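Questions regarding the structure given below will be posed in turn.
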Amino acid sequence: MSEKEIIPELVRKRRSPFVDVMMRLAKSPLAMFGLAIIFVLVFCAIFAELISPYSPIKQDLMHMFETPSAEHWLGTDEFGRDILSRLIYGARVSLQVGFIAVGIALVTGGMLGAVSGYYSGKLDNIIMRVMDVLLSIPQTLLAIAIVAALGPSLMNLMIAVGISAVPTYARIVRGSVLSIRSMEFIEAARAAGSSDLRIILKHIIPNSMAPIIVQSTLGVASAILNAAGLSFIGLGIQPPNPEWGAMLSGGRQYIRDYPHMTLYPGLAIMLTILALNFLGDGLRDALDPKLKR
Amino acid sequence: MDNMLDIRNLTIHYEVESGTVHAVEGLNLTLGRGESLGFVGETGAGKTTTALGIMRLIPNPPGKIKSGEIIFDGENLLDKSEAEMRKIRGEKIAMIFQDPMTSLNPVMTVDKQIAEMISLHKKVTKSEALKLAGDMLELVGIRRERMHDYPHQFSGGMKQRVVIAIALACDPELLIADEPTTALDVTIQAQVLELMKELKQKFSASMILITHDLGIVAEICDKVAIMYAGRVVEYADKRSLYSHPIHPYTRGLFRSVPDIDEDVDELPVIPGLMPDPVNLPSGCAFHPRCSMATEECAKVRPEMQEAEPGHFAACPFCVKKFMNGEAL
Amino acid sequence: MLKYILRRIIMLIPVLLGVAFCVFTLLYFTPGDPARMVLGDLATDEAIKEFRDKEGLNDPFLVQFGNYIWKAVAHGDIGRSYSSKRPVMQEILTAFPYTLKLSAFAMIIAIIIGIPCGIISAIKQYSWFDTITMIFAMIGLSMPVFWLGLLLILFFAVRLRWLPSSGFSTFKAMILPSVALAAQSISMVTRMTRSSMLEVIRADYIRTARAKGQKESIVIGVHALRNALIPVVTLCGLQFGQLLSGAILTESIFAVPGVGRLMVNAIMSRDYPMVQGGVLFIAVTFSIVNLLVDLLYAYIDPRIKAELK
């Protein structure tokens, strides 16, 4: 008897899968750390008006370039705006971009992938060739090209980042649909006279959830990162709206004398991405215990 | 008797999340020179773990040899350094693994994989080693021209032949074969078994054949050890074990083998399941499934007793009955 | 093998046509009249009309696309920059060596650091080295390249004054941009090597090698590594594409005169032929790199090589 044979025997326990996953997730300190930060960010995004000490866009020319102090915990920028307040409002923008972009990518890519995987044949071929075309343009570059064409705005930023991620989701969903489709319980459902739509909605989608959940969590991270990058080069949110990438870009020219202006927005981006990545990794391990040994 | 291998009180545990797996628990076993021993038990009884223990290849973590002695050629393998063990592995003790599909390195040609074994233990040049590798391939019935092929270019049975060629390449004293035919098609199984039988003679090696197939044991082995939940419960030469098994578990095993001459509607099975190796039952590990179990069985762990010369069983109750000539 | 390469190259053609079509369409429907962009706001209506006729801007969409492709394939002509008036191809070819060098350096750094770290992490799974490496890898993965770039400038150029903060002409100047760009790839390569290695060292053939009495260093270094690197090679190919587009941000931070900076400037000045050409060029490069990786893949994995025969 080898260890491989014993361990699955022991892992099997009688609990609902959801509770099981959550229990395993709770055991990972890094995933919990990530989750905690995400909660804080969501809280900031929702209650930005209540918790931020100053207005994010009000200029105060008496207090320009101030380093962190009791009044301005993270200092002020070149227009005397409070950096902490801008970061808090910035969370709203970043999360919005992250979730909506992933939403766009997930719905579009997921549908394309599901249809492609389920019907296979010609339709599958066409869809996947189009995805190949999109995949042969690096994601950031595709997003840049789309924003460049549409013009910079919050909405266009979300669309661009979202569309550039569509092929990733299409592939994942198609892959899991293909593997599930050939399983016997799908045959059984079909034999029982279920319609295609019913099979897709009731059987295939729930069973391909695990990789999609993981990819979406990580996807929000890369969407936020991409969006911040686009804003950094001036293709995203336009001033004076508070956005982390744009703040970085703004502080960049003062980096020699006032590094705090670039330090904190960058830290905010990094912590957010880090939190989402930790959570995504934790979810992957929790959803697929076989992978973690 | 000149014992080549003498395992005393071997205990191997795996530490996993849900507790300690008692894979091998106080196992005793001896093997004489030139003998072949059939090592029989259900999946999960601890057969492979024992074999890996002899090779000192228990994956650690999670596995650990907790106690015991493995005396091979008069020396305790558990006292050997890793460097000393490396000399023994392959040269003195070789192993054939269960799944030929995954036992060969997919990115290395088979001649190189055999030659690796030869170069490690014999003082030969690289080209000599490759030539010897070709000889070994021919010996196991694979044409020499195929020596530069990769494992994926062979069928399952052919791969197992390659694995056998690797194991025998340095003329080992002891060959441990871990279910060498389980992963193969039935028709191929017979061929591979035939080959092993033939080569065992030729190389005059001792052999431990791990299997759950009593038929294979009958064909190849001299001695049989029956393993249950990490311990040997019965040990005898083949003839006496097959003619009159003593331990209730062994008898259960034999009853569940179909007999061609007999026309039965249903094969009797041993009720219940293998115990959870994390929580082994107290006393005799088999007592929850045993129809003859008494209160005593749940309390005291039975020791091996000799029922007739060379025939041991770990069930005092049955041994007594047997010696009194009562029916079992 | 040759047949396979040829087939792969032929398969590349429709994909690249697709990319060209996407980019062309995207920018065709962008608001703004190209003639106006080139000639400026002061140009007369006649001049604009003449320009449109001459450049074929009044032709149907598909004809314009066909012409674009024809010129690109036959003459390597992918238009003229609105702002510099020079051929786009020429501009890109001047800038490309910088981008290629930057990406290649970053890739080399990622491989040199990532693979050994991944291997050690896997062998010493759950050790302190593993834990720390994995946390650092995660931080590297989460680090925006533009922020890391700025931090490096702040620390090594502004504070310590060890390295220049911009340019790409000397070896010293190349260090900061390459490291900044490499950070994410180092993390990716480390993580991939580790997980691939973890899977491989539990494989049966590794046990076989040990059972032969082989030394642990060779078991890991030869038997395990060669198998574990197969997925890492694929990742490196994909990473190279990421690096090429990551270079866009890195170049603008460190003022490296590469394709990335060219494109950012082009986007800012709405120089569409330039944007179009740049995207197309990077996509072609990316596709070629992926093709090379697939060929390398076939070389190191005999199972795939056999399928090709």
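The chains carry the letters A, B and C, assigned in the order they are written, with residues numbered from 1 in each.
We adopt the following convention: contacts are C-beta pairs under 8 Å (C-beta built on N, C-alpha and C of every residue); 3 or more make two chains touch, one makes a residue touch a chain.
Nothing here was measured: the structure is a model prediction, and the numbers come from that model.
Asker: What are the two chains with the most C-beta pairs touching?
Answerer: Max contact pairs: A-C.
Asker: Based on the averaged CA atom positions, which chain is farthest from subunit C?
Answerer: The chain farthest from subunit C, judged by C-alpha centres, is B.
Asker: Quick check: how many Å separate the C-alpha centres of subunit A and subunit C?
Answerer: Between these chains, centre-to-centre, one finds 22 Å.
Asker: Rounded to the nearest whole Å, what is the centre-to-centre distance of subunit B and subunit C, using the mean of the C-alpha atoms as each centre?
Answerer: 53
Asker: Counting only residues that touch at least 2 other chains, which ones in subunit B make the list?
Answerer: 59 - these are the residues of subunit B that touch more than one other chain.
Asker: By the touch rule stated above, which residues of subunit C touch at least two different other chains?
Answerer: Touching at least two other chains: 202.
Asker: Which of the residues in subunit C end up touching subunit A in this complex?
Answerer: Per the touch definition, subunit C meets subunit A at residues 14-16, 18-19, 22-23, 26-27, 29-31, 135, 138-139, 141-147, 150-151, 153-154, 158, 198, 202, 241-242, 244-246, 248-249, 252-253, 263-264, 267-268, 275, 279, 282-283, 286-287, 290.
Asker: Sort out for me which residues of subunit B touch subunit C in the complex.
Answerer: 55, 57, 59, 82, 85-91, 94-95, 97, 99, 102-109, 113, 116-117, 120-121, 150, 152-153, 163, 166
Asker: Which residues of subunit C touch subunit B once you look at their complex with the stated criterion?
Answerer: Counting only subunit C, the residues touching subunit B are 202-205, 207-216, 223, 226-227, 230, 300-303, 306.
Asker: In the complex of these two chains, what residues of subunit A are touching subunit C?
Answerer: Those residues of subunit A that touch subunit C are 4, 30, 129-130, 132-134, 136-142, 144-146, 148-151, 221, 225, 228-229, 232-235, 245, 248-249, 252, 255-256, 259, 262-263, 265-266, 269-271, 273-274, 277-278, 281, 293.
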